[in-house]
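Common to both upcoming complexes is subunit A, partnered first by subunit B, then by subunit C.
Moving on to the complex of A and B:
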């Protein structure tokens, strides 16, 4: 369908003027949202965009390099705690702190990448799962990190307070613009990485790591690099997430969160940039908005409350969240392994040749 | 004191070993790592809890009913979730079992709520004996040892002498050849899931009676059992059981010295074993063919 005739066509950001037009329209819409959306939705959108950054990064690892990680909540936690603590204890400006936290996360990603050189499939999944749990326990046990009670994020000051250039973001709408700009930059960066030599090496490793090694790709460098890049994204996302929440404890970053991150990528579609974005938006909306208040949904809500009081418990109705998530996970693998991006491709193909 | 630590470690290690056997039975037959194992066992344990506390049946009747439910649950999950997936990738299989995990955890939370419950079994943790000077053993540990020994012997006899056990071994060695020889491979998978769910539930009942019962209580035992399975090599049942015992001992001694870092021992064991001996301590080395 998409025939590329030269290298420039492959690397350019917008394939055609139509794509350019709609991208600009989307940008305008995104920048205009705070003017008319209610306050709660801005908060929700902040979380969505944080998850988008993370999902795009996780997709570099899972979708493009073919490595499985169930420990991204750990990197997410490193980013959140790293940024907040660097700002609180060392008085480092926000921009430097979040970058440093990203690099700390990337370093841990590199460390997790080392055993990944010898592991594959289920072994790697469990090793990374254990990594996530270990991070959660270490943070929870160490008083330096605030222990089990959690810590309060400092005021989000994007200027440099030491030079009297303070610029503190207070409202959700102000944070929204900051996160939006970072998210767009990170998404473009991820897309461009995949068009370089490094990105092509990742894809080669996914398709067959032995063949990749034979044609001269250094597995040690590129596999650990994939982990590091992915962890860097998770670290940046975590740093922003801390400010969105304002207050967080170690149990925010539990194993279920890692699973949810993986689900975003799988539901959205592996090995594409648009897929994880769609997946992150859908799953975050379900998790934080629709299913959280499922009892208030018109018809379904009443029915579920009746079912709950008859056979289950009304108190436990919030668990419908994880039930629906589980069903989505199973359904997407059975019925649509390519995810939402696969559906989009099919629709596009159908309309390209319509009415024939 | 040392003897006490050893007995405690062996008892909890036997639980890990039992649970690791449940993981390995599925992995051996169908090469799926079942992340829902812990939650399958958790749901069955909740069924036992419900039968005991709301219908007040005697424990042994509740136990038998729970075992029947566990087998049914295992077969059902294989039949409903794994069989319809045609040629799933490895990631796809992991996502399916993780999805089943979320589903079961949600169901249990919906029915019984998230608060911790006490799961009482006749083999109490408090009743202790002292057969030798300085060696205290409680009823719970005795029950664990007897049950795990019984399960091991029965599994050995099952895989060695019964037709079904031989069919399961054949399926594990070569799925297609087994199919040609007239073995219904899909049915063998279902039975393996039912079996593994049963053994996992026995282990989970021991875990629950030792600590508390809530929808998330099997998350960490699952990780430890998997560490035990990795230690033993994920392929041989006796090896995995010994792996469980080793992990129990390591964890107990480590926990005695640094109590606050006990939860990450399992993770450290997994990473170390996988780095230095990926095929486990007891399995033959496995080389991937191109």
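Moving on to the complex of A and C:
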């Protein structure tokens, strides 16, 4: 059913009219959400979409190129601080500032990509972890970045205030549309990159870097490029995250966050575009919403409160958050290495041939 | 051309959606005829989980109030949310509480960055916030009509501790070890302000990063400066490393520390007993004090939260709710946010289990008073100076 007859079929955005129909329906739903969803969910969706952008970018590196990064919170921080400071200190319009911050993050991604040429697996993980931690401490140390106190993001003006063309996004719903559009563009861009020569080179490096080099792929260029692209995505996501939050400090971008980002990609499914999107949505929802308010869920909440007060420490119920995330990770690795995307593929195949 | 037209229409549609997007709605009401909902956030998991008990303290206050029949017939319901010391999570849990549950007032609230991320949101939604569990100048200067603090400023505390060291302990050579952030720098400012009054200068002012593991060079500097007392505004781990390092050098000055390290049981344990003799500020009565309110809270904790360790910070969580409960009782049956704000603004010299609190519409920093305590054998509290206010407090001028 996934047979491709020519190159055009492989690169086209919508594989069939069915896909096109559902994509349009999903778009309409996404654009209509602010008109009926409670405000709290809009804020949650903003965070979800920021994480989606980051996870899609991280997947370019981890899923497609086979490199690991435990330092993505660092790029995320560069994006957040870069965008806010460029706007605050240099009065650069938002659109330019966030792009510049993305490129600054990409530059740091390129730098981190250099040791990746010689490091693999756990060694690369440690190097990237060190990078993430260093960024957090460097930002915290310099008063220019607001020190450990953190900084207040400026008003999100998507116009050009210098030309008296201000358009300040104040509500979560307004920010939702901005983030949604950027997220869609970034997802389409990621999909297109993976269909080009660059994308195929990434996959070749993942499958065997020696074989890739033998067929003429320049490892230096493509490995660093994968890091730079991934970091660019994290930078853009960070730039948006700063405005969603309004105020942030260096500790916001800690090591745990880097690990959570990796969890999103692994749980969603490595090496696909839909996978990290699903992973980011699920993990963010679990971590930021469902598991936070689990005590108020009827029946289940009371049961968990009883279990935690009987068997756990004083802060027991809150530990359920980490326990559930850990169990999901273990479950995915053991039962469904392709992640949620793998589950989706199997469901799709089942219904394609139903009732036979 | 067709592509450009499509893009053009999309931009127009998007702009229209952004303009028409629903405007900000106020949160759900924080009370009804049966209950008043209050809430606190704090790190229950993650690296700062040790401070999580502050947010759980109000549970005991709610249990006490409810056992006494509630406030004018309304029960008190307290929500605790884990923000893992992460401002993104703080904002999310606060939004969930305000918009989904409906909260009348927040109490406590650990983490300065988390508080900064939500203070304007709470103000915009007209939600009261009493007794943040951090001391941050930006919370109250300029006055935020919905935010009332209880913890004294580190600057005031530092000034009073310096007064104690110079006037009571008669020490002339003072060293300062401060964390390189607003917490440490405000402490430094307070010490220098007081020393200036005595026309004295610190013999050593040494900054430290919270992540530093080796403090040998810093301790050597204090030793060579001949500092008789070292005042510190640092994290618990840094303080323990400082004490251990200096002892191994044979240098034992009088250590003086901020109220944030006032949990003697914890500090005694992690320092292997070296905390004995350390002088600290205190913003609440010590946990074992014989005092009608303290006895009541202690007994209630045994009854309603037997799993909790009765210590300074758990009690602080209860103490941070005292002015709010006082104001709610004063309001009477016709409860409203405005009425509660009016009563809070009328509080003068309110005495609970912390320092005397005074609020006016122009002043929401509740107190500038601390007590001075000394850690005795087996982590006991010895009072060495009663409640003292800072006559040099810059914000009162």
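Here is the rule we use: the second predicted complex is superposed on the first by the 350 of 356 C-alpha atoms of A that agree within 3 Å, B and C clash if a C-alpha of one lies under 4 Å from a C-alpha of the other, contacts with A are read in each partner's own complex, and residues count from 1 in each chain.
Simple rule for what comes next: a residue touches a chain if its C-beta (ideal position, glycine included) is under 8 Å from a C-beta of that chain, and two chains touch if they have at least 3 such contacts.
Worth saying up front: this structure is predicted, and the values here are computed from it rather than measured.
In the overlay built on the shared chain, the residue A:137 is in contact with subunit B and with subunit C. Applying the stated contact rule after C-alpha superposition, one finds that A:293 touches subunit C and leaves subunit B untouched.
Of the two partner chains placed by the overlay, only subunit C lies in contact with A:147; subunit B stays clear of it.
In the superposed model, A:330 lies in contact with subunit B only, and not with subunit C. Contacts of A:43 after superposition: subunit C is touched, whereas subunit B is not reached.
Of the two partner chains placed by the overlay, subunit B and subunit C both lie in contact with A:321. Contacts of A:125 after superposition on the shared chain: subunit B is touched, whereas subunit C is not. Once the two complexes are laid over each other on the shared chain, residue contacts for A:308 go to subunit B alone; subunit C is not touched. On subunit A, the surface touched by subunit B in one complex and the surface touched by subunit C in the other have residues 137, 141, 256, 315, 317-319, 321-322 in common. By the touch criterion stated above, subunit C contacts subunit A in their complex at residues 14, 17-18, 21-25, 44-47, 49, 52-53, 56, 81-82, 84-89, 91-93, 95-96, 98-101, 112-113, 116-117, 120-121, 180-182, 209, 211, 307-308. On the subunit A side of its complex with subunit C, the touching residues are 31, 34-35, 38-40, 43-44, 47, 137, 140-141, 147-150, 152, 169-171, 173-174, 176-178, 181, 241, 244-249, 251-252, 254, 256-257, 288-289, 292-293, 296, 309, 314-315, 317-319, 321-322.
Of all residues in subunit B, only 27, 33, 35, 81, 84-85, 88-96, 98-114, 215, 219-220, 223, 226-227, 230, 260-261, 263-264, 266-268, 270-271, 274-275, 278, 290 touch subunit A in the complex they form.
Against subunit B, the residues of subunit A that register as touching in their complex are 62, 68, 114-115, 118-119, 121-123, 125-127, 129-131, 133-134, 137-138, 141, 210, 255-256, 259, 262-263, 266, 270, 308, 311-313, 315-330, 332-334, 337.
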